[in-house]
Every structure is written in C-alpha cells, then in structure tokens.
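By written order: A, B, C and D. Residues from 1 in each chain.
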Amino acid sequence: MWDRNQMASRAALELADGMYVNLGIGIPTLVSNYIPEGIDVTLQSENGMLGMGPFPTEERIDPDLINAGKQTITELERTSYFSSADSFSMIRGGHIDMAILGAMEVSEKGDLANWMIPGKLVKGMGGAMDLVAGVKRVIVIMDHTNKSGDSKILKECTLPLTGKSVVHQIITNLCVFNVKQDGLEIIEYADGVDRKKIEEATEAKILN
Amino acid sequence: MWDRNQMASRAALELADGMYVNLGIGIPTLVSNYIPEGIDVTLQSENGMLGMGPFPTEERIDPDLINAGKQTITELERTSYFSSADSFSMIRGGHIDMAILGAMEVSEKGDLANWMIPGKLVKGMGGAMDLVAGVKRVIVIMDHTNKSGDSKILKECTLPLTGKSVVHQIITNLCVFNVKQDGLEIIEYADGVDRKKIEEATEAKILN
Amino acid sequence: MGKIYKSASEALDGILFDGMSIASGGFGLCGIPENSINAIKESGVKNLTVASNNAGVDDFGLGILLQTKQVKKMISSYVGENAEFMRQYLGGELELEFNPQGTLAERMRAGGAGIPGFYTKTGVGTVIAEGKEHKEFGGDMYILETGLVMDLSIVKAWKGDEAGNLIYNKTARNFNPNAATCGKICIAEVEELVPVGQLDPDHIHTPGIFVNRIFMGSHEKRIENRTISER
Amino acid sequence: MGKIYKSASEALDGILFDGMSIASGGFGLCGIPENSINAIKESGVKNLTVASNNAGVDDFGLGILLQTKQVKKMISSYVGENAEFMRQYLGGELELEFNPQGTLAERMRAGGAGIPGFYTKTGVGTVIAEGKEHKEFGGDMYILETGLVMDLSIVKAWKGDEAGNLIYNKTARNFNPNAATCGKICIAEVEELVPVGQLDPDHIHTPGIFVNRIFMGSHEKRIENRTISER
C-alpha cells in the first residue's frame, strides 16, 4: 500500500520535460515535491499564474500572491500573471498538458465526481469542470476506498459528475489504472498489494 | 455648401466631454482638428490603442505606432495599448460612445454601405461592420451626391451593406440629417443651401 | 477627467438600488474590492444578485453582505470557505447559481465584449448542462453559455490613474479585468492613484474606458491561507 | 527550456507542409512576423490558407507569398493595399474570405480558448451573415461565428524570454496575442531575446505556454503610411 507521499511521487513519474501542469488541491499539490531530476515542469494556477513557485518564507509572504487553493506562494523567474478569463483560455483551449486532481468517485468509463455530495457538501466545482474538459491528460489521485471501505472506483458514479469520460489514469493507494475504452487496466501494483486485494476494493470492470 | 473641413468641424459639435470616439479614415479623421475648447475626448484606434495623439514630427516617427489608417501617430499621457480582440471587445461591447465614419451610401432607414463595390472595389470592411454594430452612436460624414451627381442618400442602398439600421446622423456638404423611425429629418442647412437643393440631391424620404 | 472620487461611498452615490446585479472582482480574499463591499453594506441596499467567484469569508469580503442578508442570489464557482453562506443556502434563504470557474470568467468577458452567447465543452454531461442548448462542433458536444451584463461592477487594482487606467499586482488580478468590462457602470478602487502619464501604456491591464469612477482606498488584504516553507 | 532557435528557417524546420493553415499577427505592416514570412517563402510550401487581418503590400509582408502564389486562400478584413492580391482575386486565382476585423480577432481568440462558436451582432443583415446560424438574445439578432484553430501561428513581439514569454511594443501588439493562441504550433520572432527573469511577470502579454519556438530576428519594420505634422 502507498501513502499520500508515495502516491504523489508515483504521479510525478508521469511528468515529462517541458510540460505545463495544473495540480489540484490536496494530495496532487504534493506532486510538486517529487518532480524527477532533469525534468522541468511549469505549474499553472487557475487563478491567473503560470510558473508557480514554492511556499514563501515568513518574510516573503505576499497577500497578492496566492494559488488556487488560496495558499500563499512565490513566483519564479519564468512566471507570468494574467486574468481569470485568460487563465481558462489556456485550460479550455487545450494548452495545459496535464491536470492531476483528487476525486470522490471515478467510473470505469473515466467519469469523474469530485465537487459535491447532494444535501451534505456544497462547495462548488471551482475550476475542476473546466480542467477536465480542456486539459490534454487528466490523472486522478485518491484512496481506492472511502472511510467505510466502499470502493470509489465504480461502474457508474453515484455523485453529480464533474465530467464524463475525462479521466485517463487513476493512481490510488493500491495501484495504477489506465482508463481504457471498455474498462480499467492495472499497470502497476503498490508495494505488497496483489490482484485479489485490488479486485475486492474495485467495483469497476478490470480488464487484465 | 460645406467643404471637407466644415463638415468635420460640424461633426465635432456632436462631441461631448468625456466621450470615447472612433474616427474613420478620410474626412472623419479631420474631426480631431476641431474638437471644441473645454471638451475632452479620447480617441480609440481599432488596431489596439486608446488615447490617440496627433501625427508625429519627423524625429518622433515610430513604426510600432500607427492608427487604423496605417498612419504614423503619437501617444498621449492617458494612452493604453491592447490586442485586437480586446479592442473589439470595447467596440462590440458598447463601450465606445461615438463612431464617425465615411460612407458610399446611406438609406433612409439608417442602413450603411461603405465597404465594397462588387466587381470593382474589393478592399474589405476592416473594422467598419464591428463599429456600426457595437458603438452607441454612429455618425456618417460624406458628400451628399457622387461625382455623377447621383444621390448617396437613398431609399434603399444598392451596394452591399456594412450594417442595417445603424446610422443615427448624416452630415453632408449640404445639411445635417437625423435618422428617424420613418425617414430623415433635416436639423441643419449648410451655408447657402435651401430646402429645394437638398430635395433635389436626396432620394430618401425627408420628413420635414 | 471627472472620474476621481474621494471614497467608496462617494463613488457609489446614486448608483445603488434594490434588486440590482453586481459583478465583483477577486479570488478568495485576494484582490477583492474591500472598500466598495463595505460601502454597499453601509448603504443597506438589498435583494442583490452578485456574480463573484467566491463569497468571501463570514466576516470579510462579500461574506459581510450575506451576514446582513443583502444578497438574494450568488453566481459563483466555489463557496467552500463561507459557513454563513452554506447555512443560508441549505436553509433556502439564498439562491445560488454554480458556474464553473472558467465559464464564469468567460461569461463576464463575453458580456463586456458584446457576445451574448458562446459554446464550451465545460460541464457537458453534468448538471451544469441541464436545460442548456447543446451543439456539436467537429464531432464534439458543447453547451451554450450566455454573456453576463451586470448593473454594476466593482473591482480592485494596485495602481490607477486619472483616466481610469488600471494595473493589477500579481494574482490579485484574477477576475478583476473581466468583471470590470461587464458592468454598465464600473467602480474601481486602487491602492495608489496617480496622475496620467505615470503608467506605461504597454503595462495597463484595464484601459480607462471601462472605468467610470475611481477612488483610492486603504486595504486590509487579509490572507486566507497562510502557508509558509522553512526556507 | 528548449524553445530557442537560431533563425526563422530553423524554427520552421519540420513544421511546414503543403495545404496547411497559418494565422499571422500584424496590422498592415506593423508588428508582422517578417522573418517567418520570408522563411515560409524560401521553403516553397504551397496551397496555404492564411488568416491575417491584411495581406501586406506587393513586396513586403504576406504580399511576397502572394507573388510566389504559395497562398490558396486568405481570411482577412482588409486587403486594400495590395495590388497583386486584387489582381489574383479578381482573376479567380485566389480565394478570399472576408471577416469583419473584430470577428477575425475574436475567432482567433476563441479558437485558442477552446470556444468553437460565439454569437455576435457584427455583420447581421449583411452578406457576412448569409448562411450563418441566426439567434435572438434579448430581442436582438446575432449570428454564429466559429473559433479558428490553425496548424501554425506566426507572431512578432518586441521582447521575449527563454520560456517563450512575450512583450509587444505599442500598436505592434494588435493581432499578435490572439494569433499566438490559435495555432497548434506557435512560432514567435522577437527583436530582443532575454534570459528568464528579465521580464516583469505583470508586464507579459503572451505567457510562454502559447509559444513553442522562439528566435531573434532582424526587422525592417517598414512604414506604410508616413504621416507627419509640422510641430
């Protein structure tokens, strides 16, 4: 089984040199700690920044410089700023190579639900619907099951969707799936996890 | 009868303090020479400039600083530059108070034709269609008749239209018309011009 | 040039009315028009429809207009930081129209640009698409979203000049340039108001034509999520 | 960061093919990608569809690709300065699609922004509207225009950095930022190429994400209509 950091570091292996990447809130944010040596990646923040730097030291905190998670951050030498409309032109227009997002549920067709639980949690989709609709490759990082042990990888999502057939890869604490035309393909097992354990934790159709 | 400069100076009386104005190529450009004392007007150039200044002296010519007529110009203290898409957001979005344009033909309904003569002159509409569709008030300056003496103010335009029901006022060498629901209203006669002379030179319906 | 006002309340004088619609710049608490929001609260105007990406927090930003129940409806993409919002919404006291963030930004831009409708892939196959016109382009399905034109827009910039030209600072730009274009009237508050000629014409983010009134305010610039690193 | 090339011909290497579509920045002869246009001429690629507000003049700018008959079709708003263009068009050798200037700029922006269609009032009731879908919004009639996505865009900026960030000078900005977004590949030529960190992040007009290849060129910057005043 992988922990949060191991999941993030596994996701980082999907990065390639020169990519423009948008990282969602939560575990996806950790991916930036594991960018492989020799790989240069530019992070986009959908509130209007390309070239996001690390968190600031206490002295360098700037209230005018935050990321999409409202966290204080820093700029890099390559950084540019732009409006929200311009930011989503990049996203919707297919200029971002990869988005790595968290999820509540993913279906075997690549449907994604990560923005609301009717009657319980009504925070809003933020930029998630735009990201999954526009970004070239969408990777989800999440625990394989919820706190009650139910699978989050389903035949059909039960929660309101963020996007239909939008997820390309799922990285969980148990394994890595590629989303294929007719189901999910296991391409990697987490340490100490076998096929049986994945089957038990997965409602969706596994191809291999 | 008015000459070019008198027509331009008459048009300048339509300007009000604080207005944002787009001036077309030709006689409309001359309007900037007659802006009344105490009236502050900001000129927009649709190639991406707000706050257009006068022509430069020889030493100040800058190939990167031209107006929509491709003439070298200068900037003012208030000037801002922007892209063509942003420029036409201003125009199409109704943020420009007035456009003063030349014309080949205008109809009694305010239809305007000023961009092509089929088979003879194929230059293109440039920004004229956007201007007449988006600007709050459109004034045409032109000679009342063409070189053969035929009226350019018609019941229906014969040339391909630039816009339908878009002209609010027509300033010619003979008079000033306001375009009303059901025809044209003379609101001013040029020096030495009488009603009969205007009637002879006008095919369109005159209301008064 | 007659655009300069002394304060938010002066700038808003004669503009506010019950039931009006307002677009606000800002993302989270970053780059929000603090002074205009406070003055709107003081005015007591009510039944507002407010388009803003977020709704502030309970005691700062647009959240204070929720506390006083001056807002009838929010058009937002994310309201997760506002407990009062959630309470009013779940209790049926407040209308909420969720827009995907990019759709909201583009709706503001479109409204300001004279574009009454545009097609986007965002939200296709989700509740966002329900009841909206669908259309295929190049084999893919898109939905029709509409441009937003609001009675008023309130924005916050870093520097502004007498002609209304605005420059934003870093990610405090966010929705401000887009909101500025979609109001029938736009009021800008700035940290620094300078004479014309002080701003480089190539650096201006919002040309003065969009700004009807401008004033200099003092800004708390509260930080929502202070995150630091060791070095 | 691997985006820097030594010359236009190096930057265009492997990208050009017969029948391709190209969006070009520039207005008149101002801010045009002179070097890329020259290199495209040298390459001999043909049957091009070119979207550009103007078509240059006979011996400069896009006009030189008309002289060599490399262009099959132009998408432009104004071609009045180009006698060769007129000759080929009236002789049926060249296709021409007139777009209103604002519609052309917005089509480029829309294509780059993932918006396949938008409604505009521009051109309603004219030949431009013929065959286009009409739709009423708020009692007014609008027509549907489509986003432009081109195989290649070529733009010219004043300064650029290693990350592809671009800054334009004065009215040489014009269509360049919009064209830059709508090409599947974008090649930028600049007067000055600087290391990252030299451009202020708040002053950048085209973020580097849109620029695939960048090179420094020498620019004639010919003036089309030299107009001077006495003082």
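In this section, a contact is a pair of C-beta atoms (placed from the backbone, for glycine too) under 8 Å apart; a residue touches a chain by one contact, two chains touch by 3 or more.
Since the model is a prediction, treat every value here as computed from it, not as a measurement.
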Whole-Å gap between the CA centroids of chain A and chain D:
35
If you average the CA atoms of chain A and of chain B, how far apart do the two points sit, in angstrom?
54
Between chain A and chain C, what is the gap in Å from one C-alpha centre to the other?
27
Residues of chain C that touch two or more other chains: which are they?
106, 109, 113-115, 120-121, 168-170, 173, 201-202
Residues of chain A touching at least two other chains
75, 81-82, 88, 91-92, 133-134
Hey, how would you classify the chain contact layout here, line, ring, star, complete or other?
other
Let me know each pair of chains that touch one another.
A-C, A-D, B-C, B-D, C-D
Okay, in this complex, where on chain B does chain D touch?
45-49, 54-58, 61-73, 75, 81-85, 87-88, 91-92, 111, 119, 122-130, 133-134, 160-165
Contact residues on chain C for chain A in the complex?
27-31, 53, 76-81, 86, 89-90, 96, 98, 100-106, 108-109, 120-128, 158, 168-178, 205, 221-231
Can you list the chain C residues touching chain D in their complex?
106, 110, 113-121, 135, 137-138, 140, 142, 146, 167-170, 173, 201-203
Flag every residue of chain B that touches chain C in the complex, lowest number first.
17-18, 20, 40, 42, 44, 50-51, 75-82, 86, 88-96, 133-134
In the complex, chain C touches chain B at residues 1-2, 109, 111-115, 161-163, 165, 181, 195-197, 201-202, 204, 207-210
